[in-house]
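Pasting the structures in now, so scroll down.
Next, two complexes with subunit A in common: one pairs it with subunit B, the other with subunit C.
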Partner chain A sequence: MNDPKLQAGTLPVLRFALDRSVLIAFGCIVLMLLGGALYSREFLSPEYLLQQLQISAFLGIIASGAMMVILIGHIDLSIPWTVTLGAMMATAVAGWYGEIGSAIAIPVGVLCGAFVGFLNGLGVAYLRLPSMIFTLGMNAVVQGLMVLHTGGFAPQDHATDAMHFLAVGRPIFGVPNALFIWIIVGGFITYLLTRTAFGRRVYAVGNRETAAYLSGVNTNAVIILCFVLSGAAAAFAGVLLAGYSTKAYQAMGDPYLLPAIAAVVLGGTNILGGRGNYLGTIAGVVLITLLQSILAVMQMPEAGRQIIYGVVILVMLLGYGRGEIDRK
Partner chain B sequence: MPDALPILEMKHVSKRYGGIAALNEVDFVAYPGEIHAILGENGAGKSTLIKIAAGVTDPSEGELYVEGKRVDFRNPTEAMAAGVVCVFQELSLLPDLTVADNLSIVAPPMRAGLIDAGAQRERARRLLAEIGCDDIHPLELVRNLPLSRRQMVEIAKALAKRPKLLILDEATSALTAADVERVYTIIRRLRSEGVSILYVSHRMHEIAALADCATVFRNGRRIETFRIGERSMSAIVQMMIGREMTHHYPDKPPANPGAPVALSARNLSWGQQLRDISLDVRKGEIVGLGGLDGQGQRSLLFALFGVLKGVSGSVDVLGKPLRLSGPRSAMRAQLPIALIPEDRKTEGLMLPMNIRDNISLASLSKFQKGLRFDRNSEHTAVEKIIKGLNIKITELAAAVSTLSGGNQQKVVLAKWLMTHPGIILLNDPTRGIDVGTKQEVYRLLRDLADSGVAVLFYSTDYAELIGCCDRVLVMYDGRVTRELAGLELNERNIIETALNVNDKEQAA
Partner chain C sequence: MSTFGHRIAHNGGLLGAIALFVVMFTIYTSNHPVGLTAAVAATAANKAVLLALVAMAQTLPVLTRGLDLSVGMVFILANCLASAIVVGTIGEGFLGIVAVLGVGALAGLLNGAIVVWGRLQPIITTLATGAIYYGTALFIRPGPGGDVQSDIADFATGQLFGVFPTSLAILLAVVVFVWLPYRNSVLGRAAYAVGSNEQAAYMSGVPVQRAKLLAYTLAGLLAALGGLMLTFNTYSGEASSPIAGNYTLNSIAAVVIGGTSLFGGWGSAIGSIFGAFVLRTIEDLLFVFNLDPLWQPLFQGIVLLAAVSLGAVRILRIRNRLELFA
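Our next item is the complex of A and B:
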């Protein structure tokens, strides 16, 4: 601080600067692959790696939205049934309206998710209800609606060709389409966070909402938009998952809540908001996917797998959570 | 009564925070059966004295004696055990519990290992009757009581500890007239029972009516202790003044009554905090807000910025009505308004974020051009303002938390200057920053005013108000009680008005 001069060409700020948690996450990925390779050489084959990235893509898209909400210091617990909602509405619309239905299936699914996110945002921003409770309630409401929907209208539940193509197709050099979609979604989120005024406001709200408000930031709009992105991302992932497993079914989003939030936090995003970058989220997503895959390959009983999975996440959080939490 | 053994005696007590002495080698004695008023302006050391007596903080140096015995309080509980009980301004009651629960919160009457609710209720009834508040039901939730009654419960809670020394810190400021009378009665009764009472109040007439003796503090030192009646009001005010003028202030230009009125407020009221306030600030003028801390100055600035809900009255900018709907509408006024808030750590800055992000936060939309955020012009603008304000930084990417207090405050100023405001509201902007930066802030405010900006400036430092402002509005109890300008603008007048001692009272 003794040097008052500013260097003429001060380096532009790198939001992607590798912080400790991102390094740890990538380190763990490498360790896991090497450990897996000792068990079977298959773990290093391109085929296996591409397969893992394809599976990662679904979680990655969900985590992208979850990250936006976590960055503003809130949480979205309505992810599971928003995923299911996206899948079910997309397949249902395809069934109801034939040709046109198939064409608008994907946007309709995403819009339904965005609408749930919008309601979440309204509740958190204007009614000032804690997001933990509000989104949990919203999750239950959506679940109820979906049960009614499937029971009452017997809608079509199998995916359209387009959905199937986007989820499992590999037309370009054998690289899965899902991976490209994740790259597009990730690029979009990165662009929002680092190259727009909106991104700057997201970090500001997450750090200190009062100060952001007093600086003229429309904090309620920022909160709502983050929840909309989260809902839209979850529903879009639901659409792809329906394509991947060829049909939409009840509770298909349930296994994604913990992994999505864990991936974001393992990637170094502060659970209290205000800090984190997308590179970390990528690392977190790949890490979680690999962990699940390796545990599955090792043919361990389900109970043991769940225990190891949970313990590994907790241990990692302990490992680098300390410096991050004492801030507020 | 100086022959009796003092209840509390302090010898050479000092308290330092960092390099600054809040109390400096103070000797202080309180005798039984005496009401002892503690006087002094903001930051004179009154609250530090009380906190040390009540065991809330430790003295850096010096000794405490209670009834002749050396004591060393580690916490308020030990002080209470020794008979020193304090009623603080900040209420210590738990709003969701009943009055009876609150009164017996530390040691409730027990039966068979459980709280004896009946005995607890009976105890509450007795304690409330003692202070003349039989109308408060012991099973009422504290939340449902009006502020004045809560303060009475607070006093009942203190009395339940059977104090030998009772400290009342602004205890009557929240009370209704009827409750004030009750408190007077209680205090006089306690005096006749031999209790010693330390009474902190800014209401001079209360002190004249109630106290036996008074001690004046200034700059952390005890100036004088005297019997009430020995000194005139004007002599007491004189004792409270007397800080040396250590700063150099920019010259003031001659008043320009022809300049257009930039900001004008009419009949602003907000609950108990703002009462019917009207004021005008002209272009090129620095108007100060004075008075004791907490007389509504902070709320007034927030009200003008549109942050408070339910404000009545109107605010005009250049004669056009301003919608008081929030910062964004204030920032879009014909003369954009800026507010430099009081607490830079929670209201002014995002401490973990970097300097650039903090400075450009209020002007982000200027750099967002369609889908493209123009980072180059942002960078140029930020660098320019950092140079202009002489903010000492190593790199733009450093977190604001790494800067010194003075430089942090400059970052807040930079953020708002970047919005090119025509009206600047400042809430005690020089609190806790170094002397050098203070001078720079004074210079900056004068330069801004010379360029036509209207400045409304609240400060707890009277010398600063006198040195910087063209006019000062002194507030008391949510009202602007007096406007001082020209030769009238001196420390004596500010303190007299701040304490609400008017000339008539003085003459009497």
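Our next item is the complex of A and C:
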């Protein structure tokens, strides 16, 4: 206990410290903006940057939830249809119950996502099934439910005014509402991870669940809560996406699974759990959104975009340093 | 326990998958309007062999406690490449086939090299390389189309002696000439050792790096063979991201249903084949029972979730709670 690094008070600071991967990620963001500026001045205009941050917000909210699950050493593959579920249930409730429906649409969408996350958590914590395969099955079930829901009941798919306002409105100094929401969600996750006992337990479970269990941590509760947060975040992002594109549609969450995981990992979070901070996830999300945007602006064909996307992820991860060799 | 009893217990997952498949396939054929004719068998086999090959490919990295999220992309890449180069005379067609398989093996080798020497996590490595392979497939075939050498294609999707589906014979040949020799080779056993306990394997002098490299390379090769068979079925190539994702995810499900542990070191590619057959028969069952198409995805999802939940019986055998976290 003489080592000053081990004092309890300094730990949260350490967790938020700029480590190598976060520095590299932010460095790459700056490099990409400068490189883009050489191509066109537009890349440094406040309007372009704000727009990028607005688009980042949706991925950022999804990645916040994905990060909680990755931190405990699991993975949530049910994100795609949880996003769609959130959007579809919110718009449907608004259609079914009129005025009251519009008021409760957003909470209902988020609660549906949280419930899917709860079921995921039960399967992973109590049935002890690998999260990769259980959440995959859950994704298929939710997809089935949504196909039945849209095909059988033909619910309303138009976003409510409130959803539209939250996703695209810019009432305060022209800063998009979506960005404020991401800041609130990010602040909440950062608070959870660095200032609460639950946050400590998340890192403990991610590092070694046996040790956490033997130390008296209710590891099953931690696992379930992390999955609930992931489901709720994905569904909330779905609600906002419905507001952004004014309607909910099939498979609207599919393009978000891999970027969300890639963003979390590019932000320096260990895919095996136990290590990572939210600042890195912010860097990862902005990096991926910016990369996609610059490639789109340069009118790179989809084939080239995919290849560059894969190469950038690999090169950056190799630059973060290779994993420790597991032979001791 | 007797040797026989031990063998049964050791292959419980495999036997379970076979039993499940036999029951489902019997229900399917007995309810099929035409019954089990050669044509019905060939159609069912052609569809099932595609997933079976991709599931076999997925098994190899999983045995080393890895994962290959790029199998579906390699599958699609081989499909697009085959639709471009497996054309012309029969001789040229065979040259094209060799080239397609070579590209698949190379893609697998790249995955293995990054995992072994780059020391990145397999799941994130193959996520990234998958994007690269998909981009390459899209580069080869921006829109659906292409052609394939029709003599080879007709042979590969037809029937041997008018009864036995050729695709099934090809799958059998892969088992006999690729899987079984691999399983009994030094590097194949090494793959199981690495999956069980990498440190112990290294300490015992097991060639850890070569075992992993070979597992990923073979995975690429088998996935490419699957893509080749897809081209023979469809006579065209299409760089479709949903199909690739679908095959990747279903391959993982097939591996789990076939009794292979996602934690490595336990299972077999033969189990994965039957896991794939089970998944495909579910779809066929929905067809013969005329289930409302609206209900099909939900039913499939529930069956998938139930099948993988069978793995939870493991916790009934656990005496010490600490084993739960292993």
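Rule of thumb we're sticking to: the second predicted complex is superposed on the first by the 308 of 328 C-alpha atoms of A that agree within 3 Å, B and C clash if a C-alpha of one lies under 4 Å from a C-alpha of the other, contacts with A are read in each partner's own complex, and residues count from 1 in each chain.
Assume a residue touches a chain if its C-beta (ideal position, glycine included) is under 8 Å from a C-beta of that chain, and two chains touch if they have at least 3 such contacts.
These numbers were taken from a predicted model, which means no experiment stands behind them.
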Regarding the shared-chain residue A:R201, is it in contact with subunit B (first), subunit C (second), both, or neither?
first
Regarding the shared-chain residue A:E302, is it in contact with subunit B (first), subunit C (second), both, or neither?
second
With the two structures laid over each other on chain A, which partner does A:N218 touch: subunit B (first), subunit C (second), both, or neither?
first
Touching A:T210 in the superposition: subunit B (first), subunit C (second), both, neither?
both
Quick check for you: in the superposed arrangement, does A:R275 touch first (subunit B), second (subunit C), both or neither?
first
Should A:V265 be classified as contacting the first partner (subunit B), the second (subunit C), both, or neither?
second
Let me test your reading of the model: by the given contact rule, A:G137 touches which partner, first (subunit B), second (subunit C), both or neither?
second
State whether subunit B or subunit C is in contact with more residues of subunit A in the superposed arrangement.
C
Regarding the shared-chain residue A:L111, is it in contact with subunit B (first), subunit C (second), both, or neither?
neither
Report, in rising order, the residues of subunit A that make contact with subunit B in one complex and with subunit C in the other.
210, 213-214, 327
For subunit A, which residues count as touching subunit C in their complex?
75, 77, 123, 127-130, 132-134, 136-145, 147-148, 151-152, 209-210, 213-214, 219, 254, 258, 261-262, 265, 271-272, 301-311, 313-314, 317-318, 322-328
Residue numbers on subunit A that touch subunit B, as the complex places them
1-4, 6-7, 10-14, 195-197, 200-201, 203-204, 207-208, 210-218, 274-275, 327
Interfacial residue positions of subunit B with respect to subunit A in the complex:
305, 307, 326-328, 331, 339, 341, 346-354, 356-357, 360-362, 364-365, 367-368, 371-373, 375, 379, 383, 386-387, 390, 392-397, 402-404, 407, 415, 419
In the complex, subunit C touches subunit A at residues 67, 114, 118-121, 123-125, 127-132, 134-136, 138-139, 142, 198-199, 202-203, 242, 245, 249, 252-253, 256, 262-263, 294-302, 304-305, 308-309, 311-312, 314-315, 321-322, 324-325
